[in-house]
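These are the structures, in structure tokens.
You will see subunit A twice below: alongside subunit B first, and alongside subunit C after that.
Up next is the complex of A and B:
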């Protein structure tokens, strides 16, 4: 759906390129996670893909055509969810959504979206009276209002409690199951692990890694098994190489003869991969 | 519904919610009180002056305030990812300003005609108010691009009032009478607005009218061109691009 080749971008007045020749692509029906520390080019890349920023170097191909050849009608199929609420606070939730829906040639039905997000009862309240979480959910509803084929989401679960974050994540998964494509930028590695088919890590304007979360965890993890078992009153630990495990008599002896407390594989987490790849903690 | 009409309806509705429409109506009521206090024999001469302040400075202020509210709410970001063009966006703001000025004209004009025997060229004054409002709304848009908050916007408005409106008013009341000043005033769009408006209630020099009208049309085109040209830069700034 999108193919990006040697993308470069410099903000007016900056000495250095913010985006330094990155290449990647993602297909229809895919949830593609775009991860990286703040200020390293994540949002800039999203703005370039959504035609908000122009004058870039390299090439962005969208549905087989150069992105530069599209006009603003491209937005009839594109939904964009910003990290911070971008709503008219003096208008009600319903007035906001109706206004935006009418700007598109096709629009989604408002009621099912608001019902699913738990905002239907509050539809006639002014947005100014909404809590942070309600605004965040309404922001997500705004991204869906044109019944898009592709969604660009920036921290869609930011500020949400676990119950509402679950609803939003289920809606994102449902969107993909119905053939939709998602470009997701977030700091929440748990969301990435749960939702994304593939992820790219960007740091200093360069892509450091692209793969599926599963492959990354295997590649960056250790092929080992760690056991904790009781030895009398003490807690002992043992580590075994996974590749020679089936021939390792000690491992089977421990399994048969000791009281096991825990068994873990050496698979790593996306948080650890984030730190390794970008050199920055994921909540920075 | 046509996208432009959706935008226009949205702008009108937000003007009401932000209280801008009511502020404009309150200003109209003040002008109606002034009309009531004006000697009936002088009403034709002073009516354009009342309208001219609304069509110029109020147009500048109304669009500025509306855009500042949008800026505060980051709503422009959301507009930029819709299929509307910058021309739709800008024209909606301009037409909203023109509608507001014409409502003021209708309120003041109706009162003047009904209670003060105001004699006026109706089509002429509507055209003059629309043109003046177009020019000053474009100015308001351009200076809102340059204003980081309400305070800076109000500073620009004060400066405009001092540089453009005050000399015109002083000249009208013959406080400034120097001949050379009349020529300087040809480059002041506020003077051109007053000349065009005066032509709808009294006889004015034909050459002055043609120059003023031509100048306003030219300046309207130039200001709109720059408002559209600088929109991308402004929107990039709003999106955190600079």
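Up next is the complex of A and C:
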């Protein structure tokens, strides 16, 4: 659906490029995670893909054509959820969504979206009176208001409590199951692990890694099995190489003869990969 | 779509005490002039008849600046709320979005100007002048709205800018006291030409350098050109 080649971008007044020749692509029906520490080019890349920022170097191909060749009608199928709420604070939630829906030739039904996000009861409240979490949910609803085929989401669960974050993540998964495509920008590795088919890590304007979360975890993890077992009153640990496991008699002896407490593979977490790849701790 | 858009705008304006006051400011001022001027004339036994055209010109220009401020503040609110980002990623272009605003600005300013003149009702104004002069002056209201957004990033700064842009109406007023060639020193002020055309229409027995059709078209072309130039700068400033 999108193919990005050697994308470069420099903000006016900056000496260095913010985006330094990145290349990646994602397909229809995919949730593609774009991950990286704050200020390293995630949001800039989203702004380039959504044409908020122009004058870039390299090439962005959307549905087989240069992104620059499209007119504004391209946005009838595109939903964009910005990191900050983009809402009229003096209008109510309902007025906001109706205003935005009127900008598009087609639109989604407002009631089911607001009900799912737990905002239906507050639909006639002015947005100025909304909490941060409510604004964040309404911002997500706004991105869905044109019934898009592709969603660009920048930190969609930011400021949400676990229950509402769960609802938003379920809605994103549901969107993909119905054939939608998602470009997800975040630094919350838990969201990525749950949602993304593939991820790219960006740091200092360069892509450091692209793969599926599963592959990354296997690649960056250790091929080993760690056991914890009881030896009388003590808790003992043993580590076995996964590749030679089937011939390892000690492993089977422990399995048969000891009370096991835990068994873990050496698969790593996305958090650890994030730190390794970007050199920065994720803010989760 | 257009009706719905105006309704959303109207709701935003009426929910803001300062904007809703500005919306009716020139009408209130016109009502004050209607009763205040005859009252002052009677009280001080002094006729202001020779200056009625100036009173009307002041109210006309205040209408334009006040409605310009309504739109200017509304745009400032949208900038605060980051609405322009959402418009950027919609099928509606920035030019259409803003163009519609400035069209509303012009129409509202025109209606307010004509109604204000009718409320003041101090002197007879030929119909052609009553209908045409507000066109030129109302075209200035969008310039005023953009001017507020050039230098202000919030409404407090915007209010200061509105007052500054309001000061510009003083120059054409001063120019109304001149009828010789010296009046053209004020020709750089966009409303000079419109208020001079108003003066010609209201004072048929006074000698002016040009006739109504000498002043009026220059004013309209000047303000239209100013809108184009100022819009280009405004667009750069607001989008970035």
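As a convention for this text, the second predicted complex is superposed on the first by the 283 of 284 C-alpha atoms of A that agree within 3 Å, B and C clash if a C-alpha of one lies under 4 Å from a C-alpha of the other, contacts with A are read in each partner's own complex, and residues count from 1 in each chain.
We take it that a contact is a pair of C-beta atoms (placed from the backbone, for glycine too) under 8 Å apart; a residue touches a chain by one contact, two chains touch by 3 or more.
The structure presented is a predicted model; accordingly, all values stated were derived computationally and were not measured.
Superposition note: with subunit A as the common reference, subunit B and subunit C are in steric clash. Contacts of A:63 after superposition on the shared chain: neither subunit B nor subunit C is touched. Using the contact criterion defined above for the overlaid structures, shared-chain residue A:123 touches neither subunit B nor subunit C, since it reaches no partner. Touch criterion not met for A:208: it reaches neither subunit B nor subunit C. When both complexes are overlaid on chain A, the residue A:73 reaches subunit B and subunit C alike. Of the two partner chains placed around the shared chain by superposition, subunit B is the only one that A:13 touches, whereas subunit C remains out of contact.
Legend: residue contacts after superposition of the two complexes on their common chain; A:43 is shown touching subunit B, with no touch to subunit C. Once the two complexes are overlaid on the shared chain, A:190 sits clear of subunit B and of subunit C alike.
Comparing the two complexes, residues 12, 50, 52, 72-73, 75-76, 78, 80, 82, 84-91, 95, 99-100, 102-105, 142, 146 of subunit A contact subunit B in one case and subunit C in the other. The touching residues of subunit B, counted against subunit A in their complex, run 1, 3, 6-7, 10, 13-14, 17-18, 69, 73-75, 77-78, 80-85, 232, 235-236, 239-242.
Taken in their complex, subunit A has these residues touching subunit C: 12, 50-52, 72-73, 75-76, 78, 80, 82, 84-91, 95, 98-100, 102-105, 126, 142, 146. Residues of subunit C touching subunit A in their complex: 1, 4-5, 8, 11-12, 15-16, 77-78, 80-83, 85-93, 240. Of all residues in subunit A, only 11-13, 43-44, 47, 50, 52-54, 72-76, 78, 80, 82, 84-91, 95, 99-100, 102-105, 142, 146 touch subunit B in the complex they form.
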